[in-house]
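Since the structure comes first, as structure tokens, the remarks are kept for the end.
Every chain is named by a letter (A, B, C, D, E and F) in the order it is written, and numbering of its residues begins at 1.
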């Protein structure tokens, strides 16, 4: 039975390396976190299972096999930057900009929080990443999955896996990372500040905003055209009320299908050689700093604004500037309630929260046009 | 990887940071400015009563009539569905805008087909 | 800060041209028409927003940027003629051929209305378009979005944007364009004609029809194979009752996703250089004539048929031959009710209406096989 | 663009028009012919009672029984859903063909899986 | 096509069959082994009461209360829908996990958006 | 009117051959079987209509026409093995492995039934097929649509159409093929055997199983990575309960869209030259044998197991090893009830039934790695 031995030689057991095992364990870890700890399951479960699938040792004899092509094929949508913008389109179709429209002042907090992106970029440069890699790592501080994936697929595809995992992990760790920083940087009095109820927003405003918003963002940062374009296109589909069925499909069937393909293919294409590197450690460390710095700068900028305005802002709200919609807004609400059980900051926090999405898309645009190719 | 500040200098780190934050702030500053303008334009046309109505609608319990209405709607859609397109053009879409039933209804109405064809 | 100035040089403000502004204004116009005037919002809103997105000036330094590739990528589905037939499949899954099956005689009215296509073709040739372009322009008279887009993507891609916009605009202007022509060409007596109620149609007929219908159309006009094939395939999915779930997805999730991609990518790939041309004016003028002629020939042919048959046809019904499902059928019903408030022509008008869809697909097939490369 | 009739001649405009309209008419003429034939074949098997039933079903108000039935169906689907697949094979699909619930129900039944797998 | 056993020999038919069946059996044998292990590990944590509850839930008729509850839920979703996102964050998702309504509800809640963005 | 004659020369009537007619009749046959006999309508209806569409004679003058490209384009997803694994993903999202988890012993019956695959392979080799073709034909015995299509697209694309049609036809003929064999090979006493009620399965087991199951399968048969990976990925999406919306979309919108594209494009690309061949007859004969042998080996192996175990298995259950989910399980239940109207075997039969799906995916993996390129 030469053929039998041949076959046995071609099983996965032959040529299995410790890297494969470690990667598979990582996959199991992310699945565990997704299911038992509720870490962004919609992304981390597919990525985790993808890691397991992609790191099964395939014997030489088959490495060129067409069947291995499947994951290469569905990964094209990531490589060529097709899935993330379309997912962003669906996100736009579920995002409600009303809180932002009713609190224009709070929009600036969403800008301040992007400070985390650029300080992290410098940190990444410092520890020896290339400018392109540093940009991709910095964007983790944007706390925006599609933006991070889109940018790193453009600037540093080799880091995509680690960056995607870091971004989504920290987005779900927001309730752990943010509160201590928020408490550290604010006084009890500040946490007690009540903000006036926000004004009504007319349907017309909601429809005009996506158009004007898009024009401003892309004229200032042409690199953000695709992401911002898709985000606001999805949003106008939703707000116009005349394309309800398109908005519905965009935020349900379409975004789900793309999320499955995105997560699964990213996982399956994240191999030990790219993931089990000192760089990955650097990425995770940098990512944590990015989130911390973003939170801090949001809070501090809110306090800074209070120096000049009579209507005080509750500085906690600044922490919501690191999008991670809607987790960080919920964290703000929670911490606010600790200080005063009757002071609900949620709707106020949603303003910087969605502004942060736009902010990091602009930042990604800047990085893309400066560092792109 | 070789640590060191020279990497930052080589990568124009500082320049990038300043440029970037500048752009981001310009962008969102302009946006919040525009929002203020938009708001003042449509300021008059703010409708608090709608909000009130909404709130109440959300709070109070569904009345007996509503229960009938809802179940009736289901029955209607069921029958319509089984009858096929002869009843398509009888669907009162207008007054169900934005409801999950509406979309279900629209799917089957030729008017949607038209919008595509 | 050489880098800062560099970047400012790379914003959209630099190198913005009046063409960009005009195109963006056009985009806003179509969005306005879609939302406030209800002009085929499912298509004109995506196209309109796409126009805005696609005509933001991208600085030289980035024109080759990968991120610009996104719209090129999703446009492939239009260029290679993939989206329109699949949308047609979904249309088939929502179209009901019953009225046509119960009024075979009225089918001919759907043929007569295609006269508008070919007269417009001649007009387009006359004012100097190439035969291919003329064919693509003529098909606007078919009043059928996917057919028009499919044909022009094959014959005259450079005119695709203008033709798509013209087609959908006029389809929603049907209530404005048709009534005067209908009144002009019919006497009060004719408008009062009542038509006998149509016969029952058995389930079996509905299932057999798509198959036989397809064979006839494609044997006579092989060029219409793809469009007609998809239309009738979608229809049999619906009528067979055994593939309900496929029909459901085809007419909901699938057609919606494709419509988003189609409209958005067409808009984003319609640039000033192709759109702001005297040709576009020609296209819009020709398009209007096409609709007018189609309406007229439908009505007149109905009167012509009445010369020979004892069971008179209400000539208004002929106007529904210009598909634009179901708008023109509704217009017919409205005008009919003006003459006699108890004379409902809607179901009768649906017959030539759907027949018109088949008719223009056949016409497209002819043009494709004669003019295709 | 240079206007003129010579373009039409050069582009065989007239020929195209005649050919085209001829084909379109042949096509739809044949189709309407076939429809007539089909109709006469199935003419006997036309079922007006179905139509009547349909009409009434569409018009009249849902009865008390129907309300119970509908709500009961929802409850059933809810419980079934939460129980998972142990109840999958108990769904009475046949008598819910063509209803929006049916599709919802089918989705979860293995039989559909089978049709795909 | 030329018949004959030589084709089988040339194509290593027998070898393939033996190898193949061996692999298939190994695979499923291992799987059933693992299942036994898994089962024994979680054996203690088997919950028959859940099953019982399930069974009853499936069998018995929906009560009056449930009818109200169901219709009420529909009404709630309707109003919620028409109000848009102001009520988004009021949806009690937890206790509707795995229900068809839940998914409908989730779709509209920003939390899902977050999971994607 | 030279042009007119030209055109008439270009209609489908010219150059129509008897092969076209026969293929179209076959298309009608499959549509009839799908609608009136309920033969796997979700697949056979699209394939049938596709056969009609794809076999309309296209005149030389157009054969290169872009519009013909449509079916070539959507067929890429089959050729490159993209649709079947994604469909398998959706299948995983609707499959319930509970019966299998609660009856580990019955899993082996799913292995035994794969015997049909390899004996058929030998038969196919015998009558002169190449090893690759023989492998693709053998997999018909797996009674698993996506697996069969995936494997034949890899090993013998030229036979894909016939194999797909054979596989789905026999899957729906299971109620006809299996019972006689089952009755022949079992005694009345055996058919009366009652099996003990199966144990409860915890949620945790359901979640861990897809992961471990995948590792075992792919380490032993790396070639099955893609199919098994997608199957179990879909299943964990379902069982984890935290990605309900993804599982829902995977088993509804996504699988439906892919099924439409798969069936329609397979049909349209199955031409007379590949289908009207003696080989096809061979394929259908072999397919029938495959199903019969699979059933027999399942039943016999159950009897074999009974020799060693005290807890007797009802050998009828062995017949469910030929997946064809859930038809064969239902057949088992039916035949069981004939013997004893109070002995419900359905849930017991589901165990080998789903095990059979895994089993044939493994078998496909073996064939792929041994015979691939």
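We adopt the following convention: a residue touches a chain if its C-beta (ideal position, glycine included) is under 8 Å from a C-beta of that chain, and two chains touch if they have at least 3 such contacts.
Remember, predicted model here, so these are calculated numbers, not experimental data.
Asks: Using direct touches as single steps, what is the fewest number of steps from chain A over to chain D?
Replies: Each step joins two touching chains, and the minimum needed here is 2.
Asks: With touch defined as above, tell me whether chain C and chain F contact each other through largely the same residue numbers, more than half shared, or through different ones.
Replies: Here the answer is different, because the shared fraction of interface numbers falls below one half.
Asks: What whole-number Å value describes the gap between the mean CA coordinates of chain E and chain F?
Replies: Chain centroid spacing, chain E to chain F, equals 21 Å.
Asks: Rounded to the nearest whole Å, what is the centre-to-centre distance of chain A and chain F, using the mean of the C-alpha atoms as each centre?
Replies: Spacing between the chain centres: roughly 40 Å.
Asks: Find every residue in chain E that makes contact with two or more other chains and list them.
Replies: 12, 16, 19, 23, 51, 67, 71, 74, 84, 86, 98, 107, 112
Asks: Where in chain C do residues touch two or more other chains at once?
Replies: Touching at least two other chains: 3, 7, 41-42, 220-221, 241, 245, 248, 252-253, 259, 366, 370.
Asks: Which residues, counting only chain C, touch chain F once they are in their complex?
Replies: Contact set of chain C toward chain F: 80-82, 85-86, 89, 150, 154, 207, 211, 214-215, 218-223, 225-226, 229, 232-233, 236-237, 240-243, 245-246, 248-250, 252-254, 366, 368-370, 372-373.
Asks: Within their complex, state which residues of chain D touch chain C.
Replies: Chain D residues touching chain C: 1-5, 7-8, 10-14, 16-17, 19-21, 23-36, 38-39, 42-43, 45-48, 50-51, 97-98, 102-103, 106-107, 112.
Asks: Give every residue of chain C touching chain A within the complex, in rising order.
Replies: For this pair, the touching residues of chain C are 3, 7, 10-13, 16, 24, 28, 31, 34-35, 38, 41-42, 45-46, 49-50, 52-53, 56-59, 61-62, 64-71, 73-74, 252-253, 256-257, 259-260, 264, 268.
Asks: What does chain A use to touch chain B in their complex?
Replies: On the chain A side, the touching residues are 100-102, 104-105, 107-108, 110-111, 114-115, 117-119, 121-122, 125-131, 134-135, 199-202, 204-205, 208-209, 212-213, 216-217, 220-221, 241, 244-245, 248, 278-279, 282, 355, 358-359, 362-363, 366-367, 370.
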